[in-house]
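Taking it in order: structure first as structure tokens, then the write-up.
Letters A, B, C and D mark the chains in the order given here, with residues in each chain numbered from 1 onward.
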């Protein structure tokens, strides 16, 4: 698995819903090596923003060398706001592919995503064999994104919204409980409270669960120890109960980490 | 004279010779108010470069709202290098028009420019009445720029190059000495040694001389006292022998300042 | 919602907490073309000395990543010109006036303060921390004993409430803060600039004629926030926070850390309208977060 | 032209002056995918303690304008793992190895140094200036007497030349520099990080779990250059300059100010290839300026 620093160029960008952007980048080297669940560190063309923005790969078109990133602008003056202004032709540096990625040899799996944790599950769906279900939690109907893509990639898509404006009113665990048949594995990405609820549910039901984690990053390659998450056991690399999200993750077996 | 902060957009940019760029900006408010010899503070879209780049107006098209800036990239990693990468459509902030500008009610004047001091003299030529001569000093034939524009704007153009590769080998004072008829006034912009030589020459010949000065700037409007130049007499504003290049200049009568 | 942006420093009310940082705003006139001075809590003048000062040779400015160095050297036209020209200008506006006072010696500081006794000035700010003047600057500002001593001497002769401006070039800023408090300061302001240096590798010389200069701008903001936080927990005096503020968010961060008011400095140079924008942005934040009184924010993060 | 980039620290030759800053480069393995470690003057490891340290809770990182804050809290697997895993890895390369040593107490520092007595390590770097560990950090690093004392105790037991790393959070860095010299240091390195703070105004809480963190990156470069310059004129020891170096030009600036070698830290995070690029860029500068020996540049601006 070789990571590279690649100068990518923006092919196009558009808003999917207020504050959520869909960015296509030409980055052939990274696209050739990347797997679902991996991410890239995006560097901005602005010396005030020196740290990377880790963004998951929502789409990997290795043939055409194209990466698709779907991300949320977090606030005014943020790096993601700056990124959202980059237009076709803008060049920027990427470091990637980073992280371990999701396991893909799982049949009858459910992918479970919440909010801005949804994008990486799209590429994952394409890689999973057999029947696959997508359970997606959004804030409300007015803040949907990628739904059409999921409808194509999954055999079944179920939606929960916080305000009940689309699908069921509730969360992704409610969706899981409502499934006629339990999935054989769950692969998830989303906010920490969602991951915690999933972990409790999966333990209860005895379903293997993988979670994709988030943490602030600097190096992205395991050297700075900035992005650790508490692990259940002493970790071989750190020799303490810390795992590096960037290098040991971002995807962990739920039992490995203390959520 | 109203200064404004205006969001300008790049209309186009090209290199005139290695390292010298010709930038056209749409900035109607500033273009409407500007006069020859004034400058704008150019702000970069990069939070690492917080200070302005003061650049003289090489062309002012008030009708179409277009400013022309001709500038040199000073070094790798500099703000001007960043500016040189901005392409059509890029937006950037300007503050201007700044400074006093050249006097223009002068007949039979010579404009005398050296190196990157040449650009502001072009717009000045258009504003001067009567016969006008341009004396331009370049490093060498391979580093010429704006020559064709000057040929159109001046009645006569004479060139000196340091290496003699075009025009006479020598400097602008040599060109002045070689003129068949002494000009009635000299308006100049260029490196300090050139301005010093001009001052000595003008004093000797009793010709009124104006010089456009350079200094590092922060505010550009006379508030920070960063850009001062030593004045011959105690200055009314500062109450010491300091004049502010941005607000009291950049154009001074040669006798006013200690070069 | 009815929101209040008023804050009080030493019993004097400011309509909002936004001030200008000394030396970055002249005496207000130049920026009045871009900012309605009536919309600011206070205008702080460039350092004023007993007699005109010529300052340092040029170059006086250098850019650094996300910041700048200055070595103006406290050029100023002297207190007489200030009283005749600058103060009357400022009095045309409905804003508080803070005079930043500098000197080469204790006597010179006292002289300025005495000249201002009868003047319509709201606060005096004692600049004992400018790193660019050897005699009057760094020596006073970094030693607790010296800070206490000069504060006391100036306070004795001051007719207006006294702000003491602290230097960040110290091991423990709470020591100088406590010293200023002990000396009788009414308010503390911080931070002044951090001493820095830039070298031109092609010319192999210092970029600034003065060799060193004071670092300011966004680059120093996290240091300033930390020092404001530390002082808020060490003294009882109200604090004016500054250092790299260029947005309302930066100002609110400083207030949450413990500042009662804030000053906007270097940011004026890249956005001449910034001080008014920061004031407006603070009001918008109060609205948006349902905060009725800005004073609820002061030191709210602990 | 035949140029020499060799420098010597405490009698040990480095092929070029470029080192990596402790804590930003792990123990070299991760970055060896991007950089040929053979092309570096030295690799400096993350702080190594006697026993494994878990470090601080997350968030440990924050971005600031032109810089960053970290509060890793010296997480490290302990000296045993270092000797078994990390050191053998580093010994595969033709570069100098510097072990950054940390501890909660003098005893712990001495313990690490003793464990390294027989190890194939070129230098020890005493980290007495990490602001993130209360016991072992700031207290030692900002008081001249404490610096001298710990330097002497560690030096007594050290088999390798001792680098003492200085904190910039001091009023006068030449005082701690002189203290380290008096205590027997062979080399000084500076600067460690400046203490900073960032507050999230929407959540109204500290961005870092540890509240404060160490500021590094381009933002601090002018402060670092000034401190290197000051120390170069205060002590006889060779200096390793660091703080915000991200280009060869930044490194040369530090060398002209008085550093014999330089470390590249935070810049690794935004350009994993930077350390090798800086080394190459220094060589190019020597060529371009007709400088035969890099040692001509050390402290050449005065």
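Annotations for the structure displayed:
In this section, contacts are C-beta pairs under 8 Å (C-beta built on N, C-alpha and C of every residue); 3 or more make two chains touch, one makes a residue touch a chain.
Nothing here was measured: the structure is a model prediction, and the numbers come from that model.
The interface with the greater count of contacting C-beta pairs, when B-D is set against B-C, is B-C. Repeated interface, listed pairs B-C, B-D or A-C, reference A-D: B-C, with more than half of the contact pairs matching by residue number. Centre to centre, using the average C-alpha position, chain A and chain C are separated by 46 Å.
Chain centres here are Cα means. That of chain C falls 34 Å from that of chain D.
Separating the CA-averaged centres of chain B and chain C is a span of 35 Å.
In chain B, the residues that reach two or more other chains under the touch definition are 47-49. Contact of a single residue of chain D with at least two other chains is seen at positions 62, 65-67, 202, 217-218, 249. Residue ranges on chain C touching chain D, taken from their complex, read 62, 64-67, 69, 142, 169-172, 194-199, 201-202, 204-206, 212, 215, 217-223, 225-226, 229, 244, 249, 252-253, 256-257, 285, 289, 300-301. On chain C, the positions that touch chain B within their shared complex are 23-26, 30-31, 33-34, 46, 52-55, 58-63, 65-68, 70, 72, 75, 77-78, 81, 202, 217-218, 266, 268-273.
Across the complex, chain D is touched by residues 2-3, 5, 43, 47-52, 75, 79, 93, 95, 215-229, 237-242, 247 of chain A. If you check the complex, the residues on chain A that touch chain C are 47-48, 76-77.
Residue ranges of chain A in contact with chain B, taken from their complex: 45-49, 87, 89.
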